[in-house]
Amino acid sequence: MDIGPYVLQLFSGLSRAMVLFLLSAGLSLIFGVMNILNFAHATLWLLSGYITFSIFQFLGEQFGASPWLLLPAILSATSLMALIGFALERFLIRRTYDRELPEQLLLTFALVLIVGDLIKLIWGVENRRINLGVEPVEMLDTLINPYHFVIVGSGVAVAAGLWFFLHRTRFGKIVRAAVYNRNMVSALGIRIPIIYALVFAAGVALAGFAGGVFLPLLPMALGVDHDVIVQCFAVVVIGGFGSMLGTFVASIIVGVVYSFSILFWPDGALAMIFLIVIVVLIWRPWGLFGTELRY
Amino acid sequence: MISAVSAPDVRRGALARHSLSVPVAILMFVLFLLVPLLPGEFWTHVSTEVLILGLFAMSFNLLYGYMGQISFGHAAFFGVGAYASAMVFTRLKAAGGGIGMLDFLLSLLAGPPLAAVAALIVGFFCVRLTGIYFAMLTLAFGELLFYIVFSWYSFTKGDDGIQGLLPPLYFQDAVHFYYLTLAIVTLALLAMWRITESPFGYIMRTLRDNQRRAAFLGINVRLHMLINFVIAGSFAGLAGALWGPFSRSVNPGLLGWQESGVAVFMTLIGGAGSFVGPMLGSVIYTLLQAVVKMYTVYWPLTIGTIILLIVLFMPGGVLGLIEKRIKARRERDAGGREA
Amino acid sequence: MSAILAVTNLEKHFGGVHVTRQVNFSMQAGEQSAIIGPNGAGKSTFMNLLTGYHRCDAGKVMFEGRDITNQAPHRIARLGISRAFQVSSIFARMTVAENVRSAVHAQMRRSLSIFGAASRIGIDESGRVLALCGLEGKRDLVAGELAQGDKKRLELAIALAGKPRLLFLDEPTAGMSIDEARGTMELVDRLNRELGLTVLFTEHDMGIVFNHARKLTLMHRGEIIVQGTPEEVRANETAQKVYLGEHQI
């Protein structure tokens, strides 16, 4: 049997899953700790892709083109996104903490539109894509772009790093505690506003990192964020708000289901995803690994 | 004798809320009647869009302002209504492309019932949840329906959409179609007003304010939510049915979350706290969009900024702001009189 | 005279915490009694279990001979049990009149009526309940803006609008001035006397308890410790120890 196409889809699915994970991890963290559903998360991801591209191009002009320049480009873009995230929280998001849920949702929804158009304003309507000029590698009856390994690798590395941070460092434990019980953490004398600011910045930075990392594989184009954000919601709902393990597992489920659905029912791949979301919400609204909250 | 000294009875809660809707509605209706007097077809065309999307937004507000839940999948019922009508339309129209008057009206009638069925199925699951989970599940269903319509090419023509929804000759005239729309929307809104002022309508408000307490009054919360969900979906379907012949085509985008967002924006701008708020929001939103798009392509940036500012500084929308001013003026007057 | 309410072996735990243990309790029709106990004794949880707000882990609740164990709150409410909450649980964005009116509509089974005009249905009954609770003059005020005491009266009015035969009051006088509290409890007495309404209330104020309850039940840590007339309970040594914090289970 020719397992070529299946292997290809598996790799494609896994790398898609990793990007989804990197993106959704931030979303899940932000919602878990702060109860804010950041509609603009994918748009910020997109913004980071464009920023990374520009930095990469600039560095290429300065130092001569080389695929290795992608690394500093990604790192600087990620740092910039962290600052942007920090500023967003400090000046906008913070004002909605005492508001009703719909108003919080609308604020981040508005950011989707604003940031999306700012991208258009600054970079215009053309796609941005980086061609690293890497040769596909032959593996298991098929040609695979080795960059997939980079993505999967960085996804796993970030997952491991996040796990370590959340479970082995003091700050990480505080963040996890805040997911369960905000008031208690505050009562322990830890300043919640700072935690919120740092968590939001970190979440956006993760999205930023994902944006840069995915650049060689997928052209960054206006409107991609609209498709991606609903997939992130799917991941976070399936895995459970606030759970990193849940986000990781759900990303793999969504990524792989999507890739294999492409083989059998191309247009309906996303319909499959939403069917899973619906089933999860009906059967277990807090997700596979989420904490059972009274809803 | 139980005595309690409370603030002056100047805060006539119910009166303050209703007192704005009625005059604003009457004013808007009169203005709507007069629109075709303006030169050219542009304003008539825009106003038709205002009415249709306004009806859509008002149907959304049955769930949001009156019942307290935010749905990000409401456009699915708008889209189902649009597609149902469009498909009946294409089956009924003659080979040459024209459609008879009766068949046309029949096609319009196809929208609401099918949207109601869709709302019944979707709502059955969604009313088990509230808050963010309700929002997520409605979003998921909306996207599911979108992708089904998008990918089922043989039935819905997928991304191509259904084209050629040309109304009968009489209604191809913008002004005639406009008045038809005005008539239908007005009747629909009168029915909606009746519903919101009925015992059921006030039970909805109890579900908004305190769902737990409503259950302890003996209200089967899920049943009532489901019925409201179906009613809201039906009105959205009616708006969708009008949309097809208005824009001469339907496309899957009508079901997506961005379209749902339009209803939310309109409601927020006009004010979710009054009956007629969403329609006012539609006026502001649609007119603004038409004007802004004449000068710049950055409409999302514009509306996004406006929404941001409204959320931060004016969450009650335009009507909410006006009501606050009236209330503050009344209290100031009452305070002055006492002094 | 048969028991209007009969609770047998009621149990409830949250996680590992046993909040209701082996509670046996009954009330006769027309009775007016109180449950007392230190904070955390499980009084509110007990009421929650009886009204369907929590699921029981074991035991049975019988009302007028019917088994209502673990029924949904709205079904229990329809059978004639009404409840007022400790923290006023009203419909904050509606006016006082609309609050009561909706409760009346629910009781009249008119909640699904989408064609009637709400302002013209059930006005006699609404008016009666508003007058009974002294809220007539405040009918058009928005509920959320009422003073605390008024909110509690509205709370009671909503509970009464359901024409209950059994009324649970969770700390009905909390947050009220002495005059208000006296007025509220006098109203409760009247309802009990004139309508035969069976009333069970929880209270911390011993003065209220001794003046308005004919039977007392003392709870501690989810268990019933003592039951009897106020005098009997007052004289009981175990009861005294509970209140002084010396009682160990």
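Which chain is which? They are A, B and C, in the order written, and residues in each are numbered from 1.
Methods note: a contact is a pair of C-beta atoms (placed from the backbone, for glycine too) under 8 Å apart; a residue touches a chain by one contact, two chains touch by 3 or more.
Source: prediction; values computed, not measured.
Taken together, chain A and chain B share no touching chain. Centrality annotation: B (chain centre taken as mean Cα position, compared with the mean over all protein Cα atoms). For chain B, the chain whose average C-alpha position is most distant is C. As a whole-number value, the distance joining the C-alpha centres of chain A and chain B reads 33 Å. We define each chain's centre as the mean of its Cα atoms; on that basis chain B and chain C are separated by 41 Å. Per-chain CA centroids place chain A at a distance of 50 Å from chain C. Residues 51, 53, 72-75, 77-78, 82-83, 85, 89-95, 97-98, 101-103, 105-107, 110-119, 121-122, 134, 137-138, 140-142, 145-147, 149-150, 153, 158, 161-162, 179-180, 183-184 of chain C touch chain B in their complex. Within the complex formed with chain C, the chain B residues making contact are 1-4, 6-7, 9, 11-15, 194-195, 197-203, 205-206, 208-210, 212-221, 224, 227, 231. Every residue of chain A that touches chain B in the complex is listed here, in rising order: 37, 92, 95-96, 99, 101-103, 105-107, 109-114, 116-118, 120-121, 226, 230, 233-234, 237, 265-268, 270-271, 274-275, 277-278, 281-282, 285, 295. For chain B in complex with chain A, the residues that touch the partner chain are 64, 70, 125, 128-133, 135-137, 139-141, 143-144, 147-148, 150-151, 153, 158, 257-258, 261, 264-265, 268, 297-298, 300-301, 303-305, 307-308, 311-312, 315.
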